[in-house]
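What follows are several structures.
Look at the two complexes coming up: subunit A is in both, with subunit B in one and subunit C in the other.
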Partner chain A sequence: MKRASWLIPTIYIIFLMLPIYWLVSMSFKTTNEILGSFTLWPQNFTLDNYRVIFTDPSWYMGYVNSIIYVCINTVLSVSVALPAAYAFSRYRFLGDKHLFFWLLTNRMAPAAVFALPFFQLYSAIGIFDTHLAVALAHTLFNIPLAVWILEGFMSGVPKQLDETAYVDGYSFPAFFIKIFIPTIAAGIGVAAFFCFMFSWVELLLAKTLTAVAAKPIAATMTKTASSSGYELGLLAAAGTLTIIPGAIVIYFVRNYIAKGFALGRV
Partner chain B sequence: MNKTVNQKAWFFVLPVLLLVAFNAIVPLMTVVNYSVQETFGDNVFFWSGISWFEQVLKSSRFHEALGRQLFFTFTILAIEVPLGVIIALAMPRKGPWVSVCLVLMAMPLLIPWNVVGAMWNIFGLPEIGLLGKTLNTLGFDYNYTRQPGAAWFTLILMDVWHWTSLVVLLAYAGLVSIPDAYYQAAKIDGASSWSIFRYIQLPKMKRVLTIAILLRFMDSFNIYTEPSVLTGGGPGNSTTLLSIDLVKIALGQFDLGPAAAMSLIYFLVILLMSWIFYTVMTRNEDQ
Partner chain C sequence: MLELKQVVKKVGAETHIYSANLTLEPGSFNILLGTTLAGKTTLMQLMAGLEKPTSGEIWFNGENVTGMAVQKRNVSMVYQQFINYPNMTVFENIASPLRVSRISEDLVKKRVGDMAELMKISAMLDRHPSELSGGQQQRTAMARAMVKDSDLILLDEPLANLDFKLREELRDELPRIFNERNCIVGYATTEPTEALLFGGRTAALHEGHVVDFGPTGEIYRHPSSLLSAQVFSEPPINTAQVTKSGDRIILNEKVSWKADKALPDGKYTIGIRAHHVLPKKENKDAVAIDGTVQVAELSGSESMIHFDAYGESWVSLSHGVHPFESGQEATLYADVSRSFYFDQSGKMMNLKAGGA
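After this line comes the complex of A and B, so read on.
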């Protein structure tokens, strides 16, 4: 029994790593080697694919653009979700339950449904092809998620904390910033992680709302795939680099990821 | 926690409300607008009532895409949820391996969706991909760009690879929240491992599993990028799921009326099914 329970996660992790290994190993191969023969690891180890990405602005600016709009989105989503989550966890007010459910329904909206209207709306107000446009569009599904996660963490903080602070003479803003936010720091970390993740992996809206100036890396990859033939090595290197930011972020929040959802209410 | 009634709490919710309403209501109204109008170009629109809805609801193309979508969603739910629970049960509860497992398992969740599609596209190629080459060497005739069956197999395997970890993380979070005292009590009573699972672990995981199933349901119903990069809906139309079909109609053919009507029907299907799931799964808690 003990041996079996050790085996299952191991097999699963190997299964998870195989396609990632294939991508990474391909990124160190030349296109000729990829297309010409089947090799389990790079025979002619090359860093050329990475060199192209780090020297060509049309490539590395894709990463910069993606990181900019993901960060704007994360800050925006978490900062407006904080007071809202506080209201949902502490007070009862007219229409609170309906509002909460309505927020969650936006999490269900298919991006394919909103792609075209978003394009028209953001063109009309003149922010098409800016980082702000993508960051704003991604708040549609990230704000509901952030409110949901933060509300769970806040409900776990006893109300006596608020009351004691008022007795000690704190005003509401002072209490919220100096006492409450540090108390739920872990929750903020988890919410920020999920906002980062869902904004980082989304492509359809990001691609629809940008042309040149704010083009995300994912869109650069699809365009290269079609324009310059099938440069698989380059594509694999670009793909490998998109995994790194996520891996860094996940390392920092590894102990809290699971808790984020476990504490949230349905 | 007993909450106090305070209508001023609305001010706290206001920023969220304004942002989400701007993002949700304006585009949704645009879609509603298109869905009831006919256009011949030049921004001239005519009222067309519910004719687009009738057309979409009667078209066999929509029925087929919806059928494929339902098949896809229920297949991946039937695989990912039990598999996720089994893996979570087998994971270590303490020690240095917990972090290693969690970080490695969460990796697929953080890879951009088009990269996931591209990765599996290459991984499955019969000549140069590890999966395709291995299967063909083992004697299976496997080519997902030509065989609908192989395309479905690859699509489902990709989704299992991509999202089972989410179920694992959630189920694991539920499991570690069970106090040791429960297990000790079960040991004293001489409970079998099956009854520990059935009467202690499963009830404790119920809430997180509800979240997992709801999230997987919504996201798999909305799936677009991965299959469109992997198979592009092909071969033929065999893996054209709802959102792929929708994007083909809306952005490919620019048939705004039918696309908008289809969007609304699509959204309503998701809302309705999420609501049913939610009600069924939380009904017992209230009693």
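After this line comes the complex of A and C, so read on.
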């Protein structure tokens, strides 16, 4: 029993890593090899797939577009959610609890519900196919989430900290920027992470609200059919590159997320 | 001089402070004594300007400051929780009230250094508050409160979250630290002993009412009302209904004693503090009370005996170890010459005897 105790975690990790390994390994194979035979690792190791992505603007602009609207969205969501979360955590006002709950219910509707109104609205006001369009659409889901996460962190900070700062002579904005934001930096990190991730993986709205100029990578990936059939190697390389930003962000906020889980809001 | 004039604080339908009238003299040490929820913190927030009174006025040095923002008043506050800015070092924490008023860097360094020395945290200046012990965190908070020359320093149970040793240590230091300053100090506590230790003036609070205010010793020895005596007694003061008739005070058919001539006939409530009810007769005026022991708590040097007598529960606090067992019949001696007499409205009757 003791000797086999490494076995279950190992099997678990293999199961977790297998699809990722398969994706990465495919990205180094030629499409012929992928379709032709079952190989555990690339027989004809090639970087061609990556070369295509990094040289063809229709590919790499997909990443650039995605990153632009995801960053706009993250900044927008967190900066709007900060004062809102502060109000929810510090003040009692008429219907505050209902409003807080209503915010969350925004997340319960599938994105598809909002695709049509957004499409029509943005076309009407002329921001269709811009990064801002996607970023704004994603705030619909991300602001409630960020408010929810930040409120939890803020409620963990005693109200006396605010009062001490006022007594010391800080104005509200000075207190908020110099003391409060650094104090809940972990919460902001967690909220930003979730905003980033949701925006990064969301496909439907991003695809509906863009055509060419702001087309996200996920939409580019759906158009890999060519005269020679599906270019699976290219697709795998694109997929591998799509995982990387998320992995990087997770690496930076991993400690904050642990804290967030400990506080029970994530 | 800080004056509260008929200050009322209501939150929703609840009244937190009922018409408080207090005058705090410059350079005075004022204790707000009361149990949890008595309104100590609310009163302090009103004094500091963190809360606005629902009605009434607050005056400072002849100026009406009722609606003035807290930033514009020269006040400091220390809380029961150790409140420091977690993102700043101890030095920056202490310096922060000075930074707001834009004082030269040299002067900031000097003032922070002096204050850190006074509070004995000079060695910790480069650390963050999370790297300090509770006592050091509270010392930092106090240093920050005192680094600017506040007109009013408010301390809301600053020692309550510290462990016993540190509490004793800071309790000894505080009067010395504040003696040198000419500011008004407000100090909230739940412990009558702490109030007696600091002296100064005490305001006894009970459920939002300021029931008594005056020099601490005076309030302790001559509480103006039953409520005041109850707030200022730990363990709780013993009370019983008595009748004055002729020259006797009658507790019941078995227990009575000689009355003070100045007391008119009628029904009264007496209050006797626990340390005047003893297991041995040490005073010739002491009256025997027969009862049943409920619990006897013996610490090393003191015995606290809870007992039931004549349908009331009584507490006796005495020096030395007096072993009693639960359920045991016992006779204890109440020194009635040290008792307070309150009329039916709870007002203290002014007699020459009584007290402490």
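We adopt the following convention: the second predicted complex is superposed on the first by the 245 of 266 C-alpha atoms of A that agree within 3 Å, B and C clash if a C-alpha of one lies under 4 Å from a C-alpha of the other, contacts with A are read in each partner's own complex, and residues count from 1 in each chain.
Everything below uses one rule, namely that a residue touches a chain if its C-beta (ideal position, glycine included) is under 8 Å from a C-beta of that chain, and two chains touch if they have at least 3 such contacts.
All of these numbers come straight from a predicted model, not from anything done at the bench.
Visitor: Would you mind checking whether subunit B and subunit C clash or fit side by side on subunit A after the superposition?
Guide: With subunit A aligned, subunit B clears subunit C, so fit.
Visitor: Does subunit B (first) or subunit C (second) touch A:Pro83, or do both, or does neither?
Guide: In the superposition, A:Pro83 touches subunit B alone.
Visitor: Output check: A:Ser5 vs subunit B and subunit C. Expected answer is one of first, second, both, neither. What do you get?
Guide: Only subunit B is touched by A:Ser5; subunit C is not.
Visitor: Between subunit B and subunit C, whom does A:Ile179 touch in the aligned arrangement: first, second, both, or neither?
Guide: In the superposition, A:Ile179 touches subunit C alone.
Visitor: Write the angle, vertex at the C-alpha centre of subunit A, between the C-alpha centres of subunit B and subunit C, to the nearest 10 degrees.
Guide: Taking subunit A as the apex, subunit B and subunit C sit 90 degrees apart.
Visitor: Let me test your reading of the model: by the given contact rule, A:Phe15 touches which partner, first (subunit B), second (subunit C), both or neither?
Guide: first
Visitor: Figure out whether A:Val167 sits in contact with subunit B (first) or subunit C (second), or with both, or with neither.
Guide: In the superposed model, A:Val167 contacts subunit C only, not subunit B.
Visitor: Upon superposition of the two complexes, what minimum C-alpha distance (Å) separates subunit B from subunit C?
Guide: Minimum C-alpha separation, subunit B to subunit C, in the superposed model is 8 Å.
Visitor: For subunit A, what residues appear in both contact lists, the one with subunit B and the one with subunit C?
Guide: Touching subunit B and subunit C on subunit A: residues 158.
Visitor: Residues of subunit B touching subunit A in their complex?
Guide: Its residues touching subunit A are 1, 3-10, 12-13, 15-17, 19-20, 23-24, 26-28, 30-31, 86-87, 89-92, 99, 101-115, 118-120, 122-123, 127-131, 133, 161, 164-165, 168-170, 172-174, 176-177, 193, 207-208, 210-211, 214, 218, 221-222, 224-225, 229, 242-243, 246-247, 250-251, 256, 259, 263, 266-267, 270-271, 274, 278, 282.
Visitor: Note which residues of subunit A are touching subunit C in the complex, please.
Guide: 158, 160-161, 163-171, 174, 179, 182-183, 185
Visitor: Any idea which subunit C residues touch subunit A in the complex?
Guide: Going by the criterion above, the answer is residues 45, 48, 50, 70-71, 75-77, 79, 81, 83, 85-88, 96-97, 100-101, 141, 144, 148.
Visitor: Which part of subunit A faces subunit B closely enough to touch in the complex?
Guide: That would be residues 1, 4-9, 12-13, 15-20, 22-23, 26, 34-35, 38, 40, 76, 80-81, 83-84, 86-94, 96, 99, 103, 105-118, 120-121, 136-137, 139-140, 143-144, 147, 155, 158-159, 197, 200-204, 217-218, 221-222, 225, 232, 235-236, 239, 242-243, 245-247, 249-251, 254-255, 257-259, 261-262, 264, 266 of subunit A.
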